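Structures incoming, each one as structure tokens.
Okay, so subunit A shows up in both of these, paired with subunit B first and subunit C after.
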Partner chain A sequence: MSKTSFNIIYVIAGIFVLSATAFKVFQPIQVLPRMRLAPAYQFINQDGQALTSETLRGHFALYSFTYTHCPEPCYNSSDTIQEIQSRLGEVNLGSIPVSFVSISVDPDRDTPEVLKEYGEAQNADFTQWYFATTSNKSLLKTIVGAGFETYYEDKGNGEFALDPGFVLVDGWGIIRSEYRYTTEVSDADRILRHLGVLAEEVQNSTGSAKLAYEAAHLFLCYAP
Partner chain B sequence: MKTKIILISFVIVLGLAAGVVFFRPHTFHGTVIQSPEPSYNFTLTGANGDVSLSDYRGKMVLMYFGYTFCPDICPGTLANAAQALRNMGDKADEVQLIMVSLDPERDTPEKLAEYTGHFYPSFIGITGTKEQIDEIAALYGIYYKINEGSEATGYLIDHTATMMVLDREGYLKLVFPYGVTSEEIADDLKYMLRQ
Partner chain C sequence: MSTQKMHIDRYERNWMIVSAVLLVLFASAVSVAAFGMGIQVPAPEQRVNPNTVATDPNSPWSNPGLREVAPGKYDAYILAHAIPNWEYLPKEISVPVGSTVSFYVTSPDVQHGFKVQNTNANFMVIPGQVSKLTVTFDEPGTYNYICTEYCGSGHGVMYGAITVTP
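Right after this comes the complex of A and B.
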């Protein structure tokens, strides 16, 4: 084999090694778009205590929407939350707390006592899973309808028309993902994966990695 | 031959370094928002009549929620925003700061105009009914709570102290945390005005 052929082989091998190294070092950054600001609120929770949007600043918060008198068959978001809660150990969250907030759209009947009973029936861990609402119905409609963009309407016969779904909010109070449609991957799997992506973002939000993450937010806009 | 290789290598390294410096994306001091739709529009009252957010399409809008009796956070933030605009020279004409009052009971449009004018001539303050303020604050992620006060001191209001930047088309682009400096505000605004 000629010297030139050897050189070509060395160059190709070199490019291969460099490419593999670059692929490992510059792995595509997974980002969730910063969609819009989550609405601010002051609710009363299942213990009769105030639960505000500021209480959960610094937490990853997963919001769901429900009412306790929802007749069967009723979309039950609790199964998904229970699964996520039990599998949180699979995600490297560092020290970032995760909270679940189930907002009732029926404040007339869903008093703190009723919400507490409902939560107990779901085996909820009340240290991180809150059931809450506000008696200010007009503001509730603004917060859930316009803020979380979740449609609901009192049908007047004790039932509500309610679009089920989840909304994931980061520690800065920004909506990062919405889960409104059934996909091949279950909501629990997607939400857990997204919690991991957000935790990674927080861990890389300082130093030189910040530049890459901010650049990724400017140029990429997809949910992994 | 050896000199040629060294020279070419030097040019390549210099080119790469220049590329990194000149094409490096801007690192924002605020948090970038990629909202797919324009921000919620609303109309409140200022000293010269009704003011809608949409009146300022074509300008960059800095939006802040506060109140004139605020002892420390609001004046500090407004002073920083005013200094940022002074640092920007003529470009400051392309930016409008709007302060939305969280205290409609005490902040009249005239009082707001006098207060905001102390910081920067073009700053405006607007107010409305409590129901209007509740709705607007909720949709812009601004939590606020009126605390009980005394007759002597009056009441104070706890509130989210972020400042928002809306682009010329009314899209929410940036959220500044409390404590951002005038240099940092000016740096981000100047970059956004160039886009």
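Right after this comes the complex of A and C.
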């Protein structure tokens, strides 16, 4: 091989390495990680109807965990969801619907009627905000604990030990983000920003742009 | 520019070849580990407020300890603090053999380290940030966790232990 063709190979390799580095450093595209599969479930919602993981395919679903008898001061995930629900217009979601699912960890007391009353008190829009649980307690623990990796435990005195948190699942049923503890940025701000990032990826990641989005996943260009 | 070839001693040439091969080997090993096997360095996970992280009732570190999220699957929220006396909270953890434990560690005061002996868990604990790493304990025994970053006069006595029961 001649010396010129060697030089060309070096130049091409150099451009490749430089552009990969620039992509990682400047992060023109940010995505949310594909963490793991969300669990499949079948719950009963506040209207006594079935709510399954399949119902929410194609939706962005934000899961939270609570119980209505939580004594004050109680971490109230509903405040955050109310705020997100009212500020959803700030995010360009295209035509992708967003659903909120508040899973009760206390199926003995949280019957559909109680959940409905609780939802009404939270000004919930029941067309996109579901309150759900299942009376099968070991299944509930498996779904919430093993599936959503959120801890709760019945203390036996009517109270539950519960680590408050949110889990964001995309339309394919893949967990894309977790919010386990209060951070410096408010949960509502972060979740709204992440919904925007997710919607952008779903809408733009087609054709050759898909390669750029896959590169962002490969180089761990994750939105903060 | 001279077209004459530079003379390189045979041993020197071999040495250069070995160095170049090593570089390529290491670069591919890192790439395979990162992209193929999904191994990640324990990067700080999220930012929290160090002034309230140990006292806020909604913060898991106000009640640090082990939580069983599912059979054989645990979250360990550990607070590493230098004030008042250099220690980890909790000091002792016990899990059955075969358990997978995710450590979430943060500090309300100064920088600490967190190393679980005989595992490859070893990371910095930075005030205001949460470090996370997941370890599966397949052998019974006692695994000490020790502070690996100098954090003050009590640094040497800052340790805790995980007991893996058979």
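For the reader, a short list of remarks on this structure follows.
One rule holds for everything that comes next: the second predicted complex is superposed on the first by the 195 of 224 C-alpha atoms of A that agree within 3 Å, B and C clash if a C-alpha of one lies under 4 Å from a C-alpha of the other, contacts with A are read in each partner's own complex, and residues count from 1 in each chain.
Please note the rule applied: a residue touches a chain if its C-beta (ideal position, glycine included) is under 8 Å from a C-beta of that chain, and two chains touch if they have at least 3 such contacts.
In this text the structure is predicted, and so the values were computed from the model without any measurement.
Aligning the two structures on subunit A places subunit B and subunit C next to each other without any clash.
Contact with neither subunit B nor subunit C is seen for A:F126 once the two complexes are overlaid on the shared chain.
When both complexes are overlaid on chain A, the residue A:R180 reaches subunit C alone and has no touch with subunit B. Contacts of A:A38 after superposition on the shared chain: subunit B is touched, whereas subunit C is not. When the two complexes are overlaid, the chain among subunit B and subunit C that reaches more residues of subunit A is B. In the overlay built on the shared chain, the residue A:Y75 is in contact with subunit C alone; subunit B does not reach it.
Of the two partner chains placed by the overlay, subunit B and subunit C both lie in contact with A:T142. Legend: residue contacts after superposition of the two complexes on their common chain; A:F16 is shown touching neither subunit B nor subunit C. In the superposition on chain A, A:F6 makes contact with neither subunit B nor subunit C. Superposition on chain A leaves subunit B and subunit C with their closest Cα atoms 6 Å from each other. For the contact definition in use here, the residues of subunit A common to its subunit B contact set and its subunit C contact set are 142, 146, 218.
Against subunit A, in their complex, subunit B makes its touches with residues 24-25, 27-28, 31-37, 40, 131, 134-135, 137-145, 160, 172, 175. Note for the complex: subunit A touches subunit B at residues 33-42, 52-54, 136, 138-139, 142-143, 146-147, 172-174, 210-211, 214-215, 217-219, 221. Contact residues of subunit A toward subunit C in the complex are 73, 75, 141-142, 145-146, 149-151, 153, 161, 163-164, 180-185, 218, 220. Contacts from subunit C toward subunit A in the complex involve residues 35, 40, 46-49, 56-61, 67-71, 73, 75, 104, 128, 130.
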